[in-house]
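Next come two complexes, and both contain chain A; in the first it sits with chain B, in the second with chain C.
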Partner chain A sequence: MSKYSKTTTVFNDEECLVNALVDIGYDRSKIEVHKQAVPLVDYMGRQTHYTDAKGDKANVIIRSRNIGYGSANDLGFQWNEATKTYDAFISEYDRGTHHWGPQSTRFKALKAAHAEQRGIKTAKKNGFRFLGRQVVNGKVQLKFVDPRVVR
Partner chain B sequence: MATTKIVTLTIDPETAEVEVETAGYQGKGCAAVVEAFVKDFGGRVTEDRRKLEYNTPVTNQLCVKR
Partner chain C sequence: MNPFPKTQRDVITLTIDEDGDLLFLQTDSADIFMELGKTVTKRASHVEPAAFWARVAFHILRTLVRDDSSVAAWTRTWDCAWRINTKPVGGPILTWKDVAPSACAAWMDDQIFTTHYRQEAIDAEIIFLNKFFAERTI
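The block that comes next holds the complex of A and B.
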């Protein structure tokens, strides 16, 4: 099935989203980034109109041929100005837990990778120096030092 | 005596919940750091905000619900 549905996500930064997609294994060259959203297409290469009469569109896209399994449709993320986050466009076929559904391993990994990227970006913006990354009890720990010393 | 200020982010891979832990900050400095992360993550402070802002010593922990 190629019918799209829209899922609100916590992804709020394009750079972090793209880096997170790379972190979970997608080749950067296979990730399209468009300032203006462009059409998504189904498994037949046709533009779809499930969520928008003018056509389903997205700003960050992985085309179906690059998703890594026999995906039905393109996977897209469209910036939502109202929520200030990206909406994920995932087809009905691809919403399974073994594919790209919100409860799938892939989607969870992307959320965690985005959180990691977001944390690193915020720390850098605030002048913190990265000390290292480790996994403790299955959780990722990122440590930073604030170079402004308290006396 | 100089105090090193450390910020630790702990990310749960299952839920993507993020904890921000700070060490070495005085008073509201801790809250300011956490707020900076909360703001960028688009999350919200869910518990112990007052404690975080006013307690010393200053190793505190706070959840950012995603």
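The block that comes next holds the complex of A and C.
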């Protein structure tokens, strides 16, 4: 009998999140990373208030002018100390499936790229050897060897 | 000659699905990947006796006891032919075509694959499931 696990990807590693944004096509120089969260602004340059009446802030940001389509607002990821994950700030306008909505190609690609980065990082941290990556039917498969297992 | 591809039991395969979520077969080694997000673990398949009554007895016992119990361990040592049932993930009972497509005569393709070596069945099961995860939506 075999069991399988399905892990829903969450953004829980800054380095992997930034690398994942680069993997899906954003220039590293256009990705802001802040230890202390800084304000997000909309396409007019006004501070946004999606979740915070005092103004939204985020730690990892792609500014609206660099998002890749017109009239976008800043895209931000704020570290949530309680859940130990990054929460995505995506404006109402940007939540469409053609923009950055949870069901959009962009968001799914970011999750996949983060999962890949995080999978490789976690494996290496635990002493696993990375055997390689292959794409099957549009899905990425990563293979590792655990040197602790006796053959 | 052994027609089956040799499975490295220390190899772990992670499949990243179309939603960006991860799928992997459960092993002690693969536990480290559970920290990557919220994880749900489910049954993927059964390596079960090929003979009907042995299979009935096997499933009754396995329903009554825990997977890590001594009774469950004993059922894994039965001297019988084993087959691979992947119905828990919506897959088939594996045929020779699924397990060793190029190694058998054409008339055997649709026959249910059986082997007396349980580990051989497990190795074939792992290869099939990792391929299945890449080709289907689970």
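Simple rule for what comes next: the second predicted complex is superposed on the first by the 137 of 151 C-alpha atoms of A that agree within 3 Å, B and C clash if a C-alpha of one lies under 4 Å from a C-alpha of the other, contacts with A are read in each partner's own complex, and residues count from 1 in each chain.
Just so we're on the same page, contacts are C-beta pairs under 8 Å (C-beta built on N, C-alpha and C of every residue); 3 or more make two chains touch, one makes a residue touch a chain.
Note that the structure is predicted; figures quoted are calculated from it, not measured.
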Contacts of A:N126 with chain B and chain C, given as first, second, both or neither: both
Chain B versus chain C as contact partner of A:S5, first or second or both or neither: second
First, second, both or neither for A:Q141, with chain B first and chain C second: both
Chain B versus chain C as contact partner of A:E32, first or second or both or neither: neither
Touched partner set for A:H114, first chain B, second chain C, both or neither: both
Partner chain(s) touched by A:K84 [first = chain B, second = chain C, both, neither]: first
Common interface positions of chain A, toward chain B and toward chain C: 10, 12, 108-109, 111-112, 114-116, 118-119, 122-123, 126, 128, 131, 136, 138-146, 148-149, 151
Complex contacts: residues of chain A adjacent to chain B: 10, 12-13, 84-85, 108-109, 111-112, 114-116, 118-119, 121-123, 125-126, 128, 131, 136, 138-146, 148-151
Residue numbers on chain C that touch chain A, as the complex places them: 8-26, 29-30, 32-47, 62, 67, 89, 122, 125-126, 129-131, 133-135, 138
Contact set on chain A toward chain C in their complex: 1-10, 12, 107-116, 118-119, 122-123, 126, 128, 131, 136-149, 151
Footprint of chain A on chain B - complex, ascending: 1-16, 18, 24-26, 29, 33, 36-37, 40-42, 66
